[in-house]
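Two complexes are shown next, each including chain A; its partner changes from chain B in the first to chain C in the second.
Now for the complex of A and B:
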């Protein structure tokens, strides 16, 4: 087990190194992308450009630039943004994390509960009209793009109805839990629902398919032959083995979202989380922020992968290292 | 208690399919007395498994339709509520399935899976259940049961898994043990071990056994009485002695003839029954075996009833007279013996 953890950790470091190098090379060596030109404004003179380049260290060899940037992110933590001079990137990301976590945890809770309910209901009601009805509903959820759905939700809740039905709803944006828990909750309700709808649809369909497959397994028949109740057969035998796929998928999606993957939701609802930061840095081509956000996201995805592997071994004894 | 332990009366099971109604089991009646071993023999698709699955009400296919009665200790299992049938499954009637590789849940320890059944039916503590599981595993011949109780199914071989399944099936001391092809998926050497284990448990606990198999050798070794099924119907039923020494139905002759025997002159070719079983959707109106039978005549187009034609309680469903049967039987079962005569 210890060698497994050590190997896993070393592998994580290698993956993260490769990711940072690739992202660095893409953004710093892509023709047409010149941070100095972006900062210098319209029609800059060559002297000004050269000055900015020297100031940012862009005239030094690429590997030196990479090393300096990594040092500024991990050791001195004083990497500054190109477009907002003086903003410290690492601190900015850490400040954005609570908003992202609030959004993602709430949405994940909704989507797990709803997906299990819908998936189990559809599988149990197979052969009746409810099964296809639920699955069409799930498909609608999967097909509705977040940016569109979010705008529609805003149109309804922040538009004309905001003066009547939704008068309790705070304006768009994020209020931290420590500032005011009630407004924190109210402001996140619709972002949670919007973000979870896509995943509810997808997860419910996956779970239903898995349940139907497992229901035909011999060991489910054995469980019935033992005299167990239908409820116990479902909870302890059918659902338990069906959750293996579900949990693996969840780990990866959750990791990606905590790592800043909820870009569209955060932008549509004005939640200043890591996704919003990513969006801003991409529109401004703010290279230090892009690199830092990518490292942060990659970290969570790699972490989620490791956790999924552990969860997988916990759920399925057949894959446990012995 | 008077009367048989388990009595199947006119059981009919059919499945609605896109091509029509499939009659998997057609008017099957069987009895099982206390402590008795009943063998049900037939080829794949003859309805032997479906019959016993229906007894346990384990067929969950919404397209299945059932008819007839299954009396267990006098109560009709087909008419019981879900809760009532559950209290019989596992406790009164235990079942062993064909494929031990897939019959155990891969994500739970084997001991836990047996404990689960014991605790479902009896109000015992976790420790007591566990102690009983260890005793059971020892009884079915699992070495080092105290440690193996916490192993997962994938850590067992096929034969060991079948032993676990047997321990599970007998864990609540059932009166009836249904063994659905318990040795089909196992090596020949393991087969013999599993069969002798079932024999031993039968003697130790007085459990009645229903043994489903396609192997005449297995029933010859184990069964007190034997029922031969073909295309969803019973075509012959009698004591083991009568069935092997005085088989009355041409299909049984075919089954007996296709056994490779070491104590007889070696045939040039092992005989096989020509043709394939009929489709269960459009069964012929008469004898279902007629198309594959070498002795068919005009009357075979009307359905033969399962009757005692010999007069000793041995039932068969063939229109041939006893004399006719005696005349053609040996020639059908052992053509090589007859040919060699001058």
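Now for the complex of A and C:
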């Protein structure tokens, strides 16, 4: 187990290093693209361009440029945005993290509960009309683009019905928990539901398939043969085994959402998290922000993947390579 | 199954009963699956509608181009000439608002967007771009992934290790962020990119196509490489080696036919994924660029008109849901048809 953890950690470090190199090459070495001009935003003056070249060491060797960039992102954290009057990028990103975490945690809670209910119901009701009905519903959820779903939700809750049924709903945007927990909750409830729909559909399908597969295993037959109630077989045997896949998928998706995957939901609902920040930077081509978000987001995802793998190996010794 | 047929002919025995080839069997199974067939029908209908875009749009073309702004244009509503952009429209009765749905099947069926273009025409032409990017990038992805998987699985050893590690790194990269990275850089260079003799304009549909195709390569590579590994040591491959077949022949005539069904099962699901990705990137304005339109860009434009002219956003979303849903259902059906004995798997 220790060797596995060490090897997995080393590989994580290698992947992180390669990611920084890839991002650096994409932004600084794409043939025909002048990095200073790209970083400066729209219509830069020659002074600004010269300043950027000096600050990022763009006239110096390649490895120095890479080093300067990494130092500005991780150590001194003084990478600044040029299209946004010298805002410090890394600090701006970290300030946006609580909003993203609020969104993702709430949605995760909803999708876990709903997916387990739907998956178990479909597997238990197999052979009746409810199983295919639930699965079609799940497939529709998987097929709908989340930003469009968000617009539909907005149209219903913020449109004509806002003056009657949804009058309690605050306008679009994010209020932090410390400012007002009630408005925090009210403002996030529809974004939570919208974001969770895709994952409810996906996880319910995975769980159903897994439950049905496990039901043919010998130990489940043994459990039934020794006279355990159907409910006990489900809770202690089939569901428990199926949760291994479920949990490892959850780790990956959670990481991906915090690391930038929630961008579409944040944009539609005006939640000023990391994704919204990325979107704003995309619209004014504010490259420093994008570079930093991509690197920090990718790091978070790679780290989450590593933790999932280690947890998986800990739970299930069969996957531990020796 | 192809392996068995191959072996019998090698030894010179003919099967006693004239067998059907596995593709005919799979097609027969798919034909019996009514839900999957209906899904195929819906998808083909959407493709046909998009191809037929000029039939609807020829009537409303202004400046010879339906995709250019039409701020001062007029249209006929109940036989009366009406401005496309109406003064004092909308909830506040201030400023200009585009015309709403006329429900006239000849022009402005779903109304106009923020710059006076016919939403129904945009929907049809946007469908062309979305489908073209979705299908092309999924095919590109599957071809590239299969080639790499064949090379890695066939040669094994160091080559396999290197290729698989590279794939692991692309896999570890968050797909959307990687696409956003590539797209932003390519878009900052408005004159386009010169790759050898190929010149790709930044606003070309090929930019999102290639980006989307490449980011999903590892997702196809992994299952296909597994399939190659399970085939590469089978007896029929050894027989071909004994006959003196070259590596190229081994890869393409012996191994490829035995892994191609895995790729075909993945293809509809990949198209569904790439269409959703294209829509997301276009919604974030790093996908399809003007003057081109796609379903994603229409939803993006409709964002400002959401409460006054909801159809601008709603209609393309419905098209995306229908397309992706039909592809997902079809993908499930194709998997059941090609691999009926497979354990229950997740699509």
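The criterion applied here is as follows: the second predicted complex is superposed on the first by the 278 of 322 C-alpha atoms of A that agree within 3 Å, B and C clash if a C-alpha of one lies under 4 Å from a C-alpha of the other, contacts with A are read in each partner's own complex, and residues count from 1 in each chain.
Operating definition for what follows: a residue touches a chain if its C-beta (ideal position, glycine included) is under 8 Å from a C-beta of that chain, and two chains touch if they have at least 3 such contacts.
What you are looking at is a predicted structure, and each value in this text was computed from that prediction instead of being measured.
In the overlay built on the shared chain, the residue A:261 is in contact with chain C alone; chain B does not reach it.
Among chain B and chain C, the chain that touches a larger number of residues in chain A is C. Legend: residue contacts after superposition of the two complexes on their common chain; A:72 is shown touching neither chain B nor chain C. With both structures placed on the common chain, the touch criterion links A:139 to chain C but leaves chain B unconnected. In the superposition on chain A, A:53 makes contact with neither chain B nor chain C. Once chain A of one complex is fitted onto chain A of the other, the partner contacts of A:127 are limited to chain B, with no touch recorded for chain C. Residue ranges of chain A in contact with chain B, taken from their complex: 127, 217-219, 221-230, 232, 236-237, 240-241, 315-318. Looking at the complex, you find that chain B touches chain A at residues 56, 58, 60, 62, 82-83, 86-91, 94-95, 97, 99, 102-107, 116-117, 120-121, 152, 154, 165, 168. Across the interface of their complex, chain A is touched by residues 168-169, 172-174, 176-178, 180-182, 184-189, 191, 193-194, 272, 276, 279-280, 283-286, 296, 299, 302-303, 306-307, 310, 313-314, 316-317, 320-321, 324-325, 328-329, 343-347 of chain C. By the touch criterion stated above, chain A contacts chain C in their complex at residues 15, 18-19, 22-23, 26-27, 30-33, 37-38, 139-140, 142-145, 147-149, 151-152, 154-155, 158-159, 205-206, 209, 212-213, 256, 259-261, 263-264, 267, 278-279, 282-283, 285, 287, 290, 293-294, 297-298, 301-302, 305.
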